[in-house]
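Below are structures written as structure tokens.
Two complexes come next, and they have one chain in common, chain A, joined by chain B in the first and chain C in the second.
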Partner chain A sequence: MEALAHQIIAGIATGGIYASLALALVMIYQATHHVNFAQGEMATLSTFIALSFIQAGMPYWVAFFATIAVSFLIGVAVERLLMRPVQNAPVLTHVGVFIGLLLIIGNLTGWVFGYTTKMFPTPFESDQPLFGGLVSAHQLGSTAVTLAVLLLVYLFFRHTKLGLAMRAAAYNPRSARLVGIRVGWMLALGWGLAAAIGAVAGMMIAPVVFLDPTMMLGILLYAFAGALLGGIDNPMGAVLGGFAVGVLENLAGAYVVGTELKLTVALIIIIGVLVIRPSGLFGRVVLSRV
Partner chain B sequence: MTTTTRRTLLAGATIGAAGLAMPNIAPAQETPGVTANEIRIGSTNALSGPASSYSVISRCLEAMFQRLNEQGGVGGRRIRFIVYDDGYQPPRTLEQTRRLVEQDRVAFLFNQLGTPTNSAIHRYVNQRRIPHLFLATGADKWANPKEYPWTIGWQPSYRVEAQIYAKYILEQKPDARIALLYQNDDFGKDYLHGVQDVLGQRFSSMVRTATNEVTDPTIDSQIVQLQATGADVLICGVVPRFAAQAIRRVFDMGWRPMFFMTNVSISVGAVMQPAGPERGVGLITSDYRKDQSDPAWADDPGMNEWREFMRRYLPDADLTDNNYTYAYGVGTTMIHVLRQCGNDFSRQNVMRQATSIAPMDIPVLLPGIKVQSQPDNYNVIRQMQLQRWDGRSWVRFGNVIEGANV
Partner chain C sequence: MPALLEARGLHAGYGPTQVLHGLDFTVEEGGVTALLGANGAGKTTTLRAISGMVRTTGEVLFRGERIDGRATEDIARRGIAHVPDGRGTFMELTVEENFRLGAYIRRDAEVQADFERMWALFPRLRQRWRQQAGTLSGGEQQMLAIARALLLRPRLLLMDEPSFGLAPLIVEEIFGIMRRVREESRVGILLVEQNANLALELADHAYLLETGRIVISGPAAEIRRDEAIRRSYLGY
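Coming up: the complex of A and B.
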């Protein structure tokens, strides 16, 4: 019984990791109706940038916000320089660009910062392990940060004109343009915001899993499963989905399929959701009139 | 009549197939890669890409052959050591190895880097009967003289390492309950097999296992699961990132097992510092080399030989990088085998000599640890000494332990 409780607590802690990256996936999907496979690698690059800032002597929170700003600019630049020329190309071209980005950013990060595993500092220090050493103060703090980001994303999309304009640009670019929305810049803004949220995710994840250029490779898959489970157009759903995947994965690994098939559980969730309820548990079914 | 016909047909077919498959191979009388004044040796290494920190091994070996040539070479012949870059990518390893064999016509292959990369050429070199010597990888599969007689490793395999841990556990805690966490691939499974070798029948009652994938974000769930089995011994065969996670999580949970960590993941900078040095106190691992930073070897004749070599041939090298002591050990072994060949550098004889090394000392190996090989045992180094983390550095303890004989 104690072991079960421990698995659930550890699952929630890991789920927090998935939830934070899932939010970045929701952001880019809301803004562009695509899923960016390079989201994880961009977040890893941002985390390395943050580490450089901290090593250069910046206080943690200064480095934190500076990294978010730099990441936002990188995201905008990627959209302007790489995505814009292929704006009207078929979806497969976009997928190709995403995969290319994944390889280029991944290798670039390794080339510049090296492949050695590094420690990343946390602002939420505590000497006392909590919940029998299963959860660190950092994991509690980072969950709070994830929830704060969630709230911001929610408020942004629901209650600001810019958020509405962005959703409109992604949902129906032609009509959006007709009512005066600058669709191109909305897309760039979406990329920037997704990169910024990814940077937050990276900085919150790195103290737990340790930083190296391949840090996000596995996490992206679980985050994607979480986002799909909750509904990829619903920030709240994606966060809940992330936590659910963390817990499900642990319970299935410990009691049902064994640890060898833990990763398979994530893939089954993805396929299961796509087959049974493509819009996710909390997603809205969108009907569009043509 | 029928027999003759069939035999003739078979012979014809064999010659035909050989002719098609091996257009460049030298006739049997010649010894490929060997001329009156030169022996060509080929190798591949990751000179670029994520694993390129290992490229210093090739650099050190080149310098060692240069020193040998300055001393007159072997059997009146100079060594030409050709190294190509495979970027640690198996398809490129195969391509570059074929180039070495079919265009450069090397006599044999030496110290190619990596498990996946050498796996890609394992069949090729054995079909072609090319000595594939002293590989830079710790996988157990290179010690398989029955199926792959032309391939031999050098360093203690992960399987031998696990055997040594299991032997020590049986000696210290005969009724231990063992938890084993291993990576679900060739590397990790060597630890499973090593523990099985020693425990035999008792394995299923004494050991509980959990696995992880390289892509797993964390291994918290596995650690929780293993602790719940009530184990008092924990063995981890995982890569550095997960090693650091495991050390931290086990400590934070208040679990205090006798804790063994694969010697792949004991770097002070990449594992112990990130995990928190105080959390790893008591952690046990193993080594077979002298650590150049250990004051015990400050005036050791063997290490002084190595330091003198480094000073003269690689003056700008980073002396804290233990790839250089590795390279010096494997290079010394190779030169010993070349000398043992006498004047016959045919592939058969090179392989015969490489697989019959009488137990010998190597300057950079710990005292009591021998390099040796027999035609039916390709584990060139099969002994190690345990060491324990004291919060600042690794401290050796106990006697040299030999792996199980299986």
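Coming up: the complex of A and C.
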């Protein structure tokens, strides 16, 4: 029984990471109707940047926020320099650019920072076992950070003028322009925000899975499964889906398929959702009367 | 003093297809100018050309300054609001959020007062305040589109067929509201309408468009009285 509780808690902790990354995917999807395959690679690059900040002597939390800022700028730059020139191009062009981005960022990361696996520090350490050893300090801390990020993102989109403008630009770019919203910049901001969220996810998962240039490959798959499960066009759904996939993956790994086949669970979820309920559990149904 | 809006030799089209072949027209401040014509005459394209939504050549002057070639959002920021065909409301967002977006570019303190003005003008929208815009009836959506456009506090309001697809009673209501808007504010309105009779009743001046060219222009009252024009161009 305790082992089960342990697995579920660990699942929630990693699920939070999937949820963040799923949210990043959904944000770009909502604005462009494309899935950014390079989202994971961008997060890995951010995590390496964080590591070099820390190795340069920055305190953890300074490095943490500096990384978020740098990642945001990288996200904005990618949209402005790479995505904008192809914004009216057909879908396959976008897919091509995303794959190119995935390969370039992945290899750039390896070339600059090396391919050896590295330890990444966690800011959450505790000498005492928490709750009778049921949960590690890092699990607790990273879940709190993830929830804080999700809450901030929610508040930003719900309650700020800029957040509303970004949603308007994503839903209806033509009308957004007519009320004076600079749609191009909203898109760039969205990329920046997605990159920043990905950076947090990377920094929170790296102490668990260790840091190397392919760290996010599997995680992006889980995140994608989560996003699809919740509904690729529903941010809330994607977040819940991410948590659900985390728990499912952990339980299946512990009791059903074993750790080696855990990734299969993600693929099964992806295929299952596409076959049974393509819009996901919480897929948006827009009511409209004509 | 320059006219509120002036177009000189305005050409526009989609890709290789030219729709407008050199229009000259003006819209005066505080009045209603109607743009009439059959389907495909280029009425909607004219509004899109003013808003920078299609590629144009020729000049468009807004309060004496050229705006042709500028981005749509910059044109909106100068004070031109556009109720496009298909209304252009944000279906996924609530009525309240649509209101807020209408006032997006404004920095003044009177936004809330303008919300109240819109509630007085469109009481039904107040009842639907937290409802998703997509669930409103066609008439309510049209009202929301007009409210959204007015919240920009425009100097010029472009309206694309506000009567389209609506029941006669609702059309009556909307035109009544537009009459009030015109009396209560200094906004200039460029109105595109299929329903010529209705448009000429409201308008001060009218232009008649045929396959991308202006064929007749004059005071709305005169055009209404001219039976030959009515028969051959307006079909009623």
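Here is the rule we go by: the second predicted complex is superposed on the first by the 250 of 290 C-alpha atoms of A that agree within 3 Å, B and C clash if a C-alpha of one lies under 4 Å from a C-alpha of the other, contacts with A are read in each partner's own complex, and residues count from 1 in each chain.
Note that in this section contacts are C-beta pairs under 8 Å (C-beta built on N, C-alpha and C of every residue); 3 or more make two chains touch, one makes a residue touch a chain.
Just so you know, these numbers come straight off a predicted model, no measurement behind them.
**Q** According to the stated criteria, A:Val183 is in contact with first (chain B), second (chain C), both, or neither; which is it?
**A** Touch partner of A:Val183: chain C, not chain B.
**Q** Give one of first, second, both or neither to describe whether A:Arg167 is in contact with chain B, with chain C, with both, or with none.
**A** Touch partner of A:Arg167: chain C, not chain B.
**Q** For A:Thr32, select first, second, both or neither according to whether it touches chain B, chain C, the two together, or no partner.
**A** A:Thr32 contacts neither chain B nor chain C.
**Q** One more residue to check, A:Ile219. First (chain B), second (chain C), both or neither?
**A** The answer is first: A:Ile219 touches chain B but not chain C.
**Q** Now for A:Thr109: first (chain B), second (chain C), both, or neither, which partner does it touch?
**A** After superposing on A, A:Thr109 lies clear of both chain B and chain C.
**Q** With both structures placed on chain A, which of the two partners, chain B or chain C, ends up touching more residues of chain A?
**A** Comparing touch counts on chain A for chain B and chain C gives B.
**Q** State whether A:Thr259 touches chain B only (first), chain C only (second), both chains, or neither.
**A** First partner only.
**Q** Could you look at A:Ser175 and tell me whether it touches chain B, chain C, both or neither (first, second, both, neither)?
**A** In the superposed model, A:Ser175 contacts chain C only, not chain B.
**Q** Please write out, lowest number first, the residues of chain A touched by both chain B and chain C across the two complexes.
**A** No residue of chain A touches both chain B and chain C.
**Q** Along chain A, where are the residues that touch chain B in the complex?
**A** Those residues of chain A that touch chain B are 2-3, 6-7, 10-11, 13-14, 17-18, 110, 115-119, 129, 132-134, 136, 205, 208-210, 212-213, 217-219, 221-222, 249-250, 253-254, 258-260, 262-263.
**Q** Would you mind writing out the residues of chain B in touch with chain A in their complex?
**A** These residues of chain B touch chain A: 50, 53, 184, 210-218, 220-222, 224-225, 228, 240-241, 244-245, 249, 251-254, 269-271, 273-274.
**Q** Report the residues of chain A in contact with chain C in the complex, numbered from low to high.
**A** By the definition above, chain A touches chain C via 161, 164-165, 167-168, 171-172, 174-183, 284, 286-290.
**Q** Quick one: in the complex, what on chain C touches chain A?
**A** That would be residues 51, 53, 71-73, 76-77, 81-82, 84, 88-93, 97, 100-102, 104-105, 132, 134-138, 148-149, 152 of chain C.
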